[in-house]
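Chain nomenclature is as follows: A, B, C and D, assigned in order of appearance, with residue numbering initiated at 1 for each chain independently.
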């Protein structure tokens, strides 16, 4: 009999097959954040007890991110199919023990390790096909990071387009939005193999710790956003009523772990 | 505050966004099973306590499967991008409480819902690109399900080929192998958000229940198999020493749940 | 200096790199054909001189095909990622030298060799993501080839869904439609490197020869069809006004070449 | 009868369905160029009459490119799935009418419009899966464009890895290699529908015109390169004997057409 090794599955005698290496995980990438207000009831219905509604409860952030990420060996950066991925996610806000928290309610990525990493962190990830215009410094086939720069951003899954946005830089700002700026408070959940009528095998609220945050200027601008209704999705319930702002920023950060703040089976 | 619904994440007020519907899950597909013996120590090192070595402990099954699956609404069958997927998996045997069990130690699929469904069932799934020759009834571009029919099967991930096999039907048989024929005994595992040094948040042995098994003839034949060494994988430790047999069969079945047989944090 | 070899590019000293081997090309697959009538003017506007309008000029066939194909070595069938592909195509009818002809006006496939093979044959192929429910013989996750069997079929490209259809078998018939049943009359066209204002470098009408046709029963049924308007496509001009019929059939055939029937630069 | 419109196929009454818009085509992207010498006979065997061997005939450039491109409407940049693509290509040199020329002998891209655009320009394109590490300005998950910056680059097709390279910046230079720096001299070739025994329908040598070239600094460095032998490819005949140099550069350019310099059927 063996003592199996590995941060997650598949766990083996050596631990080398795990779909995820152990943290820390380093990230560098470009983020487009679009903030808007929706019907507050549609946000509040996504906040499980004991999370309470935030001030300005209808605020939503929809974020496109074009990442490279790697483990502490940095090996993935030399086999970039293992390092590059993109994601799109909806973030709302709540309040927990008197403090505002951010909470990802829908998210899509395009690689399996990023999917499982998200499930470990309480992100409810699905796979999608994601595109975001990249800024360029030379030639005519891309925007510059300066006023007038225009970007497109799209999300698709299962051969249907789910969302698309356009963004035009108008200037710079001191900060890049307020919805995705608090500590994340996520649910990790897995039903029992006996099914939904049994108590879940995993049901926790967790928060995460990020260090070594490094970021470029915040470019602000005008955005428009279209959400499509498709089977098996209900992000359309978060339809925009009023735009707040839009921000483009290049960032880096390192994930070093987190804390279980609530276990539902206590 | 909301009572969130949904079999798994993302959980919402309605439950409609869950990446997986609740069981039962129906399956119909074609399976190519190649059985062989490897170094028994390489199998035993993959059996966590309290699973004990099987008789004939070095026996391995490598299975290619080309599936359609759906929920009890059958809706996925009318949007086939949601119903069709392929998978490849290695199965070994152990013994638990005196009975032989089957255990999947490595597995790849090509859709997100199948990945998460596997994680729910304790299959250590990664994403891969999987192909299996299909039998045809007309024309020259495919084998017939009869002696002389030749099939190819491949597995790739992260832009590298991982495994390939060829199979030629020689006749029929009463049964299709013995390695993948016992009750499955799988590990469900997720580390704590605090990291690998903390006790895992989920660590169970589960078994599964399948009903309404429906299957066609077992076609037996000759197979050859090549496993490639690639970074991040170690299935090459299960290198064939001796072929046992190879089988092609069309099957149907319904998954209706399972039983938690051991919890490591008791 | 070398005498370059190879059926098409890249051409080399040995000819082994060609994206396409020389014919014959063998095909086996499943076809869903939906026939309907559209505004006849929308068909006639797609018929270049000297092709004349057909009788019943508004008839259109939209076909989903799930293929295996291979060269005369049959090697591709043992590496099925090289043999399996799917396609969707619109066919209309015209009249040439007094005879009815069939003409493919829009088509999508999911492999590069099939794309270039189509361009060689005058099919105006683009890449797409294509799915078609497969009939099964066992289990609940697929239709049987018998009355009541229900199929879904979808087409997507560039992260947008383009078309979807549903089909239910009601019985069998002697033949499977009349729109895609004549000799194909296709245009092979490539502008000069000098651009569109120069005479094209290639501008021909060709027809093709298929032998060893082998086919199963024709299953007829009811279908509904939805075409979506997307940028860069105009198949929506061929919107259905009246359904004619729908047919599912398993077929095999071998392409052995063709004949140039008209050269526009003569 | 219609006068069909469109730069290439599918050609229609409006011309809007063409897989390619008419030039000009704008490009912005990042290029990694690795130059080395192979057996000169392996290059000379790829030069069709009337192209003669170059001085230093064994020199080869292998280039990874991560592009955005668009038409003169710039619309593609706002739907980036239509603008972003990657390619890998081998370039050799020859001599034509006394002048050195560059010639692409093998190339892979990951989008259909780029594939057909290449065929129009005489690039012998196939589809592949291509990855190249991106430089970043923030965080730890990517190299900086400065000495010590390390990049990986990979190419795969049909579920097999074909080539991989690693590059480390050591400094800057005035120019970025000499193999891919001459006028391109490409073959446009398509056999007759009657087959390879008939005269080809298209057989030309063309050259191309690029304007508005805009480029950043040339970063030079050390590279290693691995080419894998796979079925259906023979780029392995161009195995490196001696490395010349490696260069990373961000560039922009606009393609405006070309000139037919030789027609083989004259």
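Just so we're on the same page, a contact is a pair of C-beta atoms (placed from the backbone, for glycine too) under 8 Å apart; a residue touches a chain by one contact, two chains touch by 3 or more.
Computed from a predicted structure; not experimentally measured.
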Reference chain D; chain at largest CA-centroid distance: B
Result of counting contacting C-beta pairs for B-D and A-D, higher pair: A-D
Fraction-based call for chain B against chain A, same above half, different below: same
Cα-centroid distance, chain A relative to chain D, in whole angstrom: 35
Computed distance of Cα centres, chain B from chain A, in Å: 30
Centre distance in Å when chain B and chain D are each reduced to the mean of their C-alpha atoms: 41
Residues of chain C touching at least two other chains: 79, 81, 129, 131, 154, 159
List of chain C residues in touch with chain D within their complex: 1-4, 7-14, 16-17, 19, 22-23, 44-52, 75, 79, 81-82, 105-107, 111-112, 115-116, 119-122, 124-127, 158-159, 187-196, 201-202, 204, 206-208, 231-235, 257-260
Chain A partner contacts - residues on chain D that touch it in the complex: 26-29, 67-70, 74, 77-81, 83-84, 129, 131-134, 136-143, 150-154, 164, 166, 212, 214-216, 250-254
Contact set on chain B toward chain D in their complex: 129, 131, 154, 156, 159-161
